[in-house]
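Which chain is which? They are A, B and C, in the order written, and residues in each are numbered from 1.
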Amino acid sequence: MNALISLSVLGIVAMLSEIFNFKKFLYSLILLGLVAAIGVNVMEWGQFQLWYGMMIVDEFTLAFSGVILLTGFLWFLLVADNHQDKAHISDHFAISLFAMAGAIVMVSYNNLSMLFLGIEIVSISMYIMASTQKNDLGSNEAGFKYFLMGAFATGFILFGTALLYGATATFDIQKIGVFVTEHNSELPAIFYAGLILIMVGMAFKISAVPFHWWAPDVYTGSPTLITAFMATIVKTAAFAAFLRLFITCFSGVELFWNQTIMIMAGATILLGNITALLQNDFKRILAFSSVAHAGYMLLAVLAMNNQSGGSLLFYLLAYSISSLSAFAVLLAVANLKGNTNVQSFKGLAKKNPFLAFVVIVAMLSLAGIPPTAGFFAKYYIFTAAIANNYVGLTLVAITGSIVSIFYYFRIVIVMFEGDESTEVTVGSNTKALLVICSVLVILLGLMPDFLIGLLK
Amino acid sequence: MNQVLTAAPLSHYVLLSSILFSIGVLGVLFRRNAIIIFMCIELMLNAVNLLLAAFSVHHSDPSGQVFVFFIMAVAAAEVAVGLAILIMIYRNTGSINIETLSNIRH
Amino acid sequence: MTQYFFYFLSFLAIFFAALVVLSKNPVHSVLYLILCFFSIAGHYILLNAQFLAAVHIIVYAGAIMVLFLFVLMLMNLNRDSEPPKSWQGKVAATLAAGLLLLVFTASIKGADALPSGNQPDNTVGLLTNLGKTLYNDFMLPFEVSSILFLVAMVGAVMIGKREEVSE
């Protein structure tokens, strides 16, 4: 709740800065505000509150809000060097802060109306952010595609919500959960129809196969800075919402949906990784790898045990910080070379050993190789899934991660080829971001027990 | 039959909403004019609203109708943003046919 | 009596909805959609949800559809300019929508026997009840929706505005 309030206030401050002429200090103000929000969020740890029956503040909420706030802070560090549209900067800041507020709503909802509003706040902000480069046709297309798919998926989620309401007479997810356990054998048919529709709608939002095809295009077309936001913060919020919904409402009817999600997860992992192999554009590789990672994270939802929350938290944090540092280097290289092709990374290791090191750490983590955070993220998710007897699916997932090594390492190999490269310069904020991300990735890889112990 | 639903049994409302929703989905998949696709999405949302209102009356619970207000509010916001994006695209390309918008593939 | 109204309005709603999808001229589609919304408003009145009906007419027919019409006129698209879709696409779209409808029809079995959540009460759709629920139970979503409006407002202006400073 406090995180939500501070983010909304920060967003309003960002809008006011245009009127009262303090745009110069706005950026530092936002960074300070985000640090304060993280602090407030940490202070709340251990409390349990229910706000009007609409928002729940428990350890799950606080942990995922923490991930969102931390990723948001790191993302804002990236903004300093890469923001091109100086005229609208305060509007952009306001919208991204409001999007984060929406993400907080998505991880802390206790009522389907809050889930709906959270999804819509995040989605509408992202439609706008994706199409901010008005003269670039790719950005226009990305914004529009995202908009149509998002609105279509929202229609499915809403129809599902309406059917659930018809079956249970409430929007409160805990009451729905109670209803499901009490009427387990005699649930009306419209309840199952509602479940299917919500599942389809949420699968659109998390870009799981076969509802993933919008994601690579949108991720590629949007400005890279916004892609980084979508691939990290939006994904975190969507997965936390997905897990909370299924654990609270639908755990009683697990047998009805687990086969579907299992097939979805397997297909997402295989398709995402194999298509990523065929790409030559680093941004597009990251887009497909983000689809593939959605498949791994579905394993945590399938696990449905006390390890689900913790392993998903770990995975999302590891994935977000690794992706952010990859995106940061991509932005620096793309600013210099003018394209996001893999070949533009040629010779990076000679001239920029620091950047090359950062990319190697990020790629190791995304591929899931020790001693990085990504390895333990996959390890925990797989053990959680195996604990619920998904051995076959876990084998598929392991195959997928072996495939993923090929395309992640392609970039590392390209970096050590050739030496005609000019030096890539990065600003101090980006440098700070890269250092923080790499240190965190390695630290989490060396000491994973702390984070995984947070949520039981 | 429940005496609060006087006009028709609940299942008929569910069927009506389902038909409207399916027509909306059909329109989204069938047409290529972006504005018509967008209108079909509005039709889908209206099917949801009707269903929520029917369930709300059936359960004698006002929260269903309050949810309809939220859907209307969000639909209005979404339309504003969506049409702004459409106008921007039209300015750049002179067309709103979604087939002309498939250039991203590399 | 009201039963006949229900079936008549349902027929109108479905008929106009189908015309929205099938008509070639976008402006006709908008007008059919407005008629469809009016028949849905009639359903709300039959459901004894008068306030909802009024808001529905004001928001959808009055604001949203006028916006659509305005944009269509602005783009001067009031004629058939849409290239025909391939027949495979059409068949696939019809199949998908038909399948969806089939799932729904299969699921309405037993919908009439659904237990009611509360005591039967004919006044739920009245403004007093709705207001009490909105500002008590749904206070927080109401506040949160203000963030949504801020985002939409800023975003629509930012995107819709033509850039004066040319680069």
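One rule holds for everything that comes next: a contact is a pair of C-beta atoms (placed from the backbone, for glycine too) under 8 Å apart; a residue touches a chain by one contact, two chains touch by 3 or more.
Not measured: the values here are computed from a predicted model.
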Central chain of the complex, centres being mean CA coordinates
A
Between A-B and A-C, more C-beta pairs in contact link A-B
Based only on mean CA positions, could you tell me how far subunit B sits from subunit C in angstrom?
5
Quick one: report the Å distance separating subunit A from subunit B, using the average Cα coordinate of each chain.
27
Averaging only over C-alpha atoms, locate the centres of subunit A and subunit C and give their separation in whole Å.
31
Subunit A: which residues touch two or more other chains?
113, 117, 120, 124, 127-128, 131, 134-135, 163, 166, 169-170, 190
For subunit B, which residues are shared contacts with two or more other chains?
10, 14, 21, 24-25, 38, 54, 58-59, 61, 63, 66, 70, 74, 77-78, 81, 85-86, 88
Which subunit C residues touch at least two other chains?
104, 107-108, 111, 114, 116-118, 137-138, 141, 145, 148, 151-152, 155, 159
Over in the complex, which subunit A residues touch subunit B? Could you list them?
112-113, 116-117, 120, 124, 127-128, 131, 134-135, 137-138, 140-145, 147-148, 151-152, 154-155, 158-159, 161-163, 165-166, 169-171, 190, 217, 220-221, 279-281, 284
Which residues of subunit B touch subunit C in their complex?
1-12, 14-16, 18-27, 29-33, 35-36, 38-40, 42-43, 46, 49-50, 53-54, 56-63, 65-66, 68-70, 72-81, 83-88, 90-91, 96-97, 99
Touching residues of subunit C toward subunit B in the complex: what are they?
2-3, 5-7, 10, 13-14, 17-18, 20-21, 26, 29-30, 33, 36-37, 40, 43-44, 46-49, 52, 55-56, 59-60, 63-64, 67-68, 71-72, 74-75, 77, 81-83, 85, 89-90, 92-94, 96-98, 100-101, 104-105, 107-108, 111-112, 114, 116-122, 124-125, 129-130, 132-134, 137-138, 141, 145, 148-149, 151-153, 155-156, 159-160, 162
Can you list the subunit B residues touching subunit A in their complex?
10, 14, 17, 21, 24-25, 28, 34, 37-38, 41, 44-45, 47-48, 51-52, 54-55, 58-59, 61, 63-64, 66-67, 70-71, 74, 77-78, 81-82, 85-86, 88-89, 92-93, 98, 101-106
Within their complex, subunit A touches subunit C through residues 8, 11-12, 15, 51-55, 87-88, 91, 94-95, 98-99, 101-102, 105, 111, 113-114, 117-118, 120-121, 124-125, 127-128, 131-132, 134-135, 163, 166-167, 169-170, 188-190, 192-193, 196
